[in-house]
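In the two assemblies presented below, subunit A is common to both, partnered first by subunit B and then by subunit C.
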Partner chain A sequence: MTATKLGGPVVQARPAPEEPSGRKGQLVKIPLLGLTVAIAIWAAFPLIDNEAWIGLAILVATTGGLVHLYSTPRHIPLKYLAPGTILLLLFQVFPVLYTASTAFTNFGDGHRGSKQEAVVAIQTASVTRVPGSQQYALRIATTGDPATGPLVFLITDPVTKQVSVGDADGLKAIPDGDVASGYTVLSFGQAGERSAEITAFAVPTPGGAIRSSGLTRAYEGRAGRAYDENCDCIRDTTTGQTWTADENVGAFVADNGERLAQGWKVTVGLSNFTRVLTDSAVSGPFLRTLVWNFGFAVASTGGTFVLGLLLAMALHSDQVRGRLFYRVLLVLPYAMPSFAMLLVWRDMFNTDFGLINNLFGSHVDWFGGSASARLAVILVQLWLGYPYMFLVATGALQAIPRELSEASRIDGASPWAGFRRITLPLLMVALTPLLISSFAFNFNNFNAIYLTTEGAPFPADNPGNGATDLLITYTYRIAFGGAGANYGFAAAISIFIFLIVAVVSAISFRRTRHLEEVHS
Partner chain B sequence: MTWLKQVGWRHLVGVLMLVFALAPILFVVSAALNPLGTLSSSELVPTGASAGNFTRLFSETQFGRWFLNSLVIALASSGASVFISALAAYAFSRRRFRGRRVGLLSVLLIQMFPQFLAIVAIFLIFSTVTDLWPGIGFNTWWGLILLYLGGALGVNTWLMKGFFDTLPRELDESATVDGASHAQVFFRILLPLVAPILAVTALLAFIGTINEFLIANVFLTDQGSKTLAVGLFGLVAGERNNNFGVFCAGTLLTAIPTVFVFQLLQRYITDGLTAGAVKG
Partner chain C sequence: MRIRPIAAVLTCALALAGCGGGGDDKTAPGSGESAAPAGQNELLIWADDKRSAALKPFAEKFGAENGVTVKVQAISKDQQTTFVTASQQGSGPDVMVGAHDWIGNLVQNGAIDPVQLSPEQTSGLNPNALKAVTFNGQTYGVPYAMENLALIRNTDLAPQAPATIEALVSEAGKLKAAKKVSETLCLQVGQNGDAYHLYPLYSSAGGNLFGTSANGDYDPKNLGVGKPESVEAFKKIATLGEKGSGALKRSITPENSIATFTGKKCAFLVSGPWAITDVKKAKLKYDISPVPGFDGGQPARPFLGVQSFYVASKGKNKALAQEFVTNYVTTPELAVALYEAEPRPPALTAAFDQVKAQDADLEKFIAAGKDGQPLPAIPEMAAIWDPFGKAEAAVIGGADPAKTITAAGRTISAAISK
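Up next, the complex of A and B:
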């Protein structure tokens, strides 16, 4: 197995005397390239309109690269890899890198935008109604779906009858008459359902903000707190208290240490990472969770593989009548939507009216004890996962020439020896990468825990970490649950998780290289 | 006795697994037919039969619309994803080039990053996309399909590369000597031989897409653009006990396209590789 024997050079050294369907290939290739260019042109117009020159440059470079790639006879491997790679870079690598980069920031609730946005938010939130506030007539509208779309205020000045539209960025006058276009005015019923949102909605103005007063009236209130550039601080106009900007934490801090809730996004270096290691509330249960996480991933992957392979072997024989019948029914669990079945399984384990306690006449609190809860989630994974292993094992078994096992039988090998020495090694060539992927998937199988036990049972002294928690559900709770979103910290923990899985897989990958070379 | 040893155990394993496999499904069927439609009144064996839950499903929700959305998105993205990963698997299995091992490893590594955390980034990216190209933005088929295709190179490439590796290289080498181009080797010789694994992969991708919840839930907010997973989850997010029957009815109907696709591909999955071709 050398490069010269397999790579491009073979084609070049011995050029084909004629290519009978070469013209047919061109007939497919040229329209496809034309289509690519047409899509690129369609995509270019909005980029030009918005003056997104970097985006346009990437688009032109990518399109040019593609056209060049498919019109030269060189770079054969890249021709096959380009479509998937481009999609992978756009929709997988880019989001992941972006997420990873937030691990070095304090991005999260209260630290979402720039300092300027934080100042506006603080001023807007401190708005109060004062005597003599300007009054407006108000219509509440949206630019999207009435139930979920972003809100805007359509405000009419009672004197000039000038209509303006206000959103979180500020107030903008609308040329007269042109109100209806682009906005859906909410009916009272629709507005009533979003009243909490409407009450909190404020349109910033130079001296304060416009807020709603009921569903038809608005007033312009005065800000109680204002930013003072000289001291780089926020000053309360009535009490005179100040909060000074602290660029290290991205918040305005008072002398007594009190922080304003609205901060901004700053780079915090490695502090998210050190917190994982030093914060006892995080690092304490980390090891225990890690051990169970490995146990869960190994039991789920190994269990489904053994079960699936056993079934595939059992049904891989011409002597078994009704194989089709078995196959159709046995993969049914895989056809059922897994997210729904996880919820159904949770109800089947219910203590009071769950199916399992009903059937066996027992009254076990399945998710109440660590051992039974862990057993339960693994059992659910076995049910959900074995048809997949059964399918791929069946496919792999059929790819193995029967002559091989026949030959071993004729040579006098027992069926077990034939399986152990011939079938299994060949199966592993095809299935080992799959098992690694399956392990990686189960290691981070969020739904398996989140939709069933939600991490329960929790020890009495630590409501943040349960017996069935995987690292990922544990992270999710710390990052998104309870105290508000903290994406920066969550990203830091997910990098730890990523490293653990990557190391385990890299070790397993060395074994697949070994297997691959054995076979070729 | 020989029969028992050679065939009997196979049936025993099969029957035991059938019981394990079908019990929860029977429970869902029974709950879907249960006239009361609540969780607490559902039993393993149907106690009564009523189509009430199904009529409620169609009259009170946009189930038909969700069904169509799921079907289009899952069919398009699984078909395209199988083709894309077959192309890549061919390059990784048959061609030797610089960066091959790095490429293979990267594909494996990238999918190990906990994806749900990237959702914040995906949301921000598609907010921009929706502004620039509404046709592939939020609440559209195309946008979600493209997003799913980003993961096409993941697990499927590895699965297919494994199967390309098991095909003897003499096949394509002799074709090359006979003057076939690389495209002809790929489309005419190798692709038909890996048809069974293409079928399996397509099925896996289809099922994965139908079940995808986390990303779709962020991506599709309009009632009419939801997929089955998002729509059905919404049913039990609030009132769990009362909607259980309707939820189970929806679950059963969601399974139908998957079962249908499986039946369609059954021939390829069970046929296996043609033994004659492998002898090469």
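Up next, the complex of A and C:
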């Protein structure tokens, strides 16, 4: 029962394959399906562990659907579409949705976990040693089986050498010689198995509680702050000061506005978006940055395209000898890791020690002035980017039949007119989508700026926004340069950038439609 | 955890049933993965590449002595962010090794727990190192190594240690006039400044970053940048800048400052213990002295950085982690091994005494850090680096100090209040 044979009218376009290759198809298909199921089962267990039932349902439905789809001979078009669609959902749509959902929260440093985790962190951080108390030698023991029996702390006073046994009811002194009887001391290995229990174990004392510090020492500590459910607040046990939970900001806030550092993640509605629009530190230099951002993307894309195309045309001519050699040479910058190259270029622009100033005997403070810094980053992009354009333009040129330009020449067209009216339009059909994607890439070319100028030069009165800052580097600084990372805000900004790039790309793609009319 | 073996069986069973003989090799990775020991009884330590290698034998020894498995995992990049993110997801380590100025951020994210050290243990540590790992009155880590900036000089060119920065400039001026060097001072600035390396001069000129509260902690509400003292300090720094004596230049970057010194283009380098390996490799005759301050100014205070072991809050084996960090890291053998992996002065006095005989530089670095201040560990410090550095670069390039520093102060306080 091979899929292709019973496939209905759709597959009739191609001749039905012979039996052996059908069996080969089976041999490939079944292991692949088995692998899919195996991956799904592997992914299911963390979902069950975390009780993520919706995720599990989606996983089961998807896997079931896939197995069904490929084990029946029907739905041929869907067989082609399904893998791409699933990958699209997984790697494109899901990250976008996740970013969007993060943009509505205050997720970031100090607001990463749940409120419960924040309370635990606050209480744990407030446990201090009771002043004047002893450090005790500790042995962890049990009255029953080492793996499951009830735990006790055997505590030795460092001064009196008195051994006491402690459990949840408190501390009891053990008369001399009685230590060994009835208790099994846990080895490190055994104690390690019950780590969580030991950490949580506290022997109440009049001053606080005796807790373990590791497996061999214990101390008498007291929690300085405790959570009170009645007022939904944290109370300082000595001063009585309270910090009340504020679900709007995800933090415990005192009356005087002081916040405890350990907060939790809450939904903050549109406030990240309104901050992008209203915060003068963000919106103030926004327009200027946007204009330069467009300038950078256009210059990088356009410059590399023009240079790449010129070189491709020069090497397209039959009269050039050693074309292969030149082509290999020209593609070299593309073969080098751009990260390393960006750093090398940054050092070459150094005022005193850089190769460029040394070579020309000049003393230009390249990254010190707006114009020179902008020129420098565009030059670097030109060098890094032209081999790509050269490659694609060479490919596209070779695909254009030579008869066309020959015909135009015979008809009396000048070489320039032939290029303008025949070669270029045909080239653009193939290259415009690449130019648009190159534009979108350069619009968000974080590395090009961050690894060279880092946005410099900065005006003396505003260290937040430099002359070569792109939107992406500028907003990265705002979201991560302050007191800790602020992922919620960063996500909101990236949605704005996404919208800008999406609009530009949509307009460009719409405009390319008329290019396709060249063909018809 | 308990589900893993079942997962393995199910994966194999289903996959085998589904694919017959052809699927055999496909299931191998799955079953191999679940066959790994999945017990609780494992201690996982994260450290950077160099220290992981040094820690490994000790971790194995600790494991063998105590019948537990200890794993050391090298985290090459972004250790702090990786640790915080992994902790939150429950896939973090039990013990983390890192710099002390992470503490504020780790605490606000609930990623580390305080450690309880006995009085004997605390007295065995360098007091400055202990102070650095103390945050909000709690000790959060066990320090093992310290570092601070010092003035490293080429003794062939400059036999005497300059007492003030002015003396250094005039000394270097003579060398420049004699064409022996081309640069006055190798102190990295870069296009966007470097607050860490500038701080000794900034503090000597009277500036500070944060005021201190009654208990000696840094007070984030009392920002020093933008205050009149900081403007005065930057006016003094401007005299060393490109429009002044040219001792500070933006073309001296983090990448080229040590290389320029080892290339004998400058006689003085402001750097830390990490530079010594390169200096020794260049076979220079060198000496180490405190970073000189301004004539008549306050002492130059370099930042003290401390490398420390932390107990992760969300580790799976906290009791064992506490045991390792508080009782094992405090032994000199481990501190000496870590020193040998990278030569920074050990924080443990016993270990320091052991290695100082073979390495005279250590005591010189400690002496250079005598007036030092612990690098602020408060989370607000993250808001300082970038604007402060840029203000520094602008002033060194010739911008107006008052305008620049006031703007930097405004940017920093806006970032802190958010």
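In this text, the second predicted complex is superposed on the first by the 343 of 520 C-alpha atoms of A that agree within 3 Å, B and C clash if a C-alpha of one lies under 4 Å from a C-alpha of the other, contacts with A are read in each partner's own complex, and residues count from 1 in each chain.
Simple rule for what comes next: a residue touches a chain if its C-beta (ideal position, glycine included) is under 8 Å from a C-beta of that chain, and two chains touch if they have at least 3 such contacts.
If you're wondering where the values come from, they're calculated on a predicted model, not measured in any experiment.
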First (subunit B), second (subunit C), both or neither touched by A:I449: neither
First, second, both or neither for A:Y487, with subunit B first and subunit C second: first
Which of subunit B and subunit C A:R129 touches, first, second, both or neither: second
Subunit B versus subunit C as contact partner of A:A297, first or second or both or neither: neither
Subunit B versus subunit C as contact partner of A:L33, first or second or both or neither: second
Which superposed partner A:V320 touches (first subunit B, second subunit C, both, neither): first
Subunit B versus subunit C as contact partner of A:M389, first or second or both or neither: neither
Which superposed partner A:A196 touches (first subunit B, second subunit C, both, neither): second
First (subunit B), second (subunit C), both or neither touched by A:F353: both
Subunit B or subunit C, by number of subunit A residues touched: B
Set intersection of subunit A contacts, subunit C complex versus subunit B complex: 343, 347, 350, 353
For the subunit C and subunit A complex, residues of the former touching the latter: 3-4, 7, 10-11, 14-15, 18-20, 22-23, 26-27, 30, 39-43, 66-68, 81, 84, 88, 104-105, 107-110, 113-116, 118-119, 136-138, 183, 191-192, 249-253, 255-256, 260, 313, 316-320, 322-327, 379-380, 382-383, 386-387, 390-391, 393-395, 397, 399-400, 403-404, 407-408, 411, 414-416, 418
Of subunit A, residues touching subunit B in the complex: 3, 5-8, 10-11, 14, 16-19, 21-22, 25, 43, 46-47, 50, 52, 76-78, 80-81, 83-85, 87-88, 90-96, 98-100, 102, 145, 147-148, 307, 310-311, 314-315, 317, 319-320, 324, 326-341, 343-345, 347-348, 350, 353, 355, 358-359, 383, 386-388, 391-392, 394-396, 398-403, 426, 429-434, 436-437, 440-441, 444, 446-447, 472, 475-476, 487, 490-491, 494, 497-498, 501-502, 505-506, 509, 516, 519-520
Subunit A-touching residues of subunit B, taken from the complex the two chains share: 6-7, 9-11, 13-14, 17-18, 20-22, 24-25, 27-28, 39-40, 42-44, 84-85, 87-88, 90-91, 94-97, 100, 103, 105, 107-114, 116-118, 120-122, 124-125, 131-133, 146-147, 149-155, 157-159, 161-163, 165-166, 169, 173, 176-177, 179-184, 186, 196-197, 200, 203-204, 207, 210-211, 213-214, 221-223, 228-229, 232-233, 236, 244, 247-248, 250-251, 254-255, 258-259, 262-263, 266, 269-273, 275, 278-279
Subunit C-facing residues of subunit A, complex: 27, 30-31, 33-35, 37-38, 41-42, 45, 48-49, 109-110, 112-113, 117-118, 120-121, 124-125, 127-129, 135, 187-189, 191-193, 195-196, 198-199, 212-217, 219, 221, 261-263, 281, 343, 347, 350-354, 365, 367-368, 453-458, 460-464, 477, 481-486
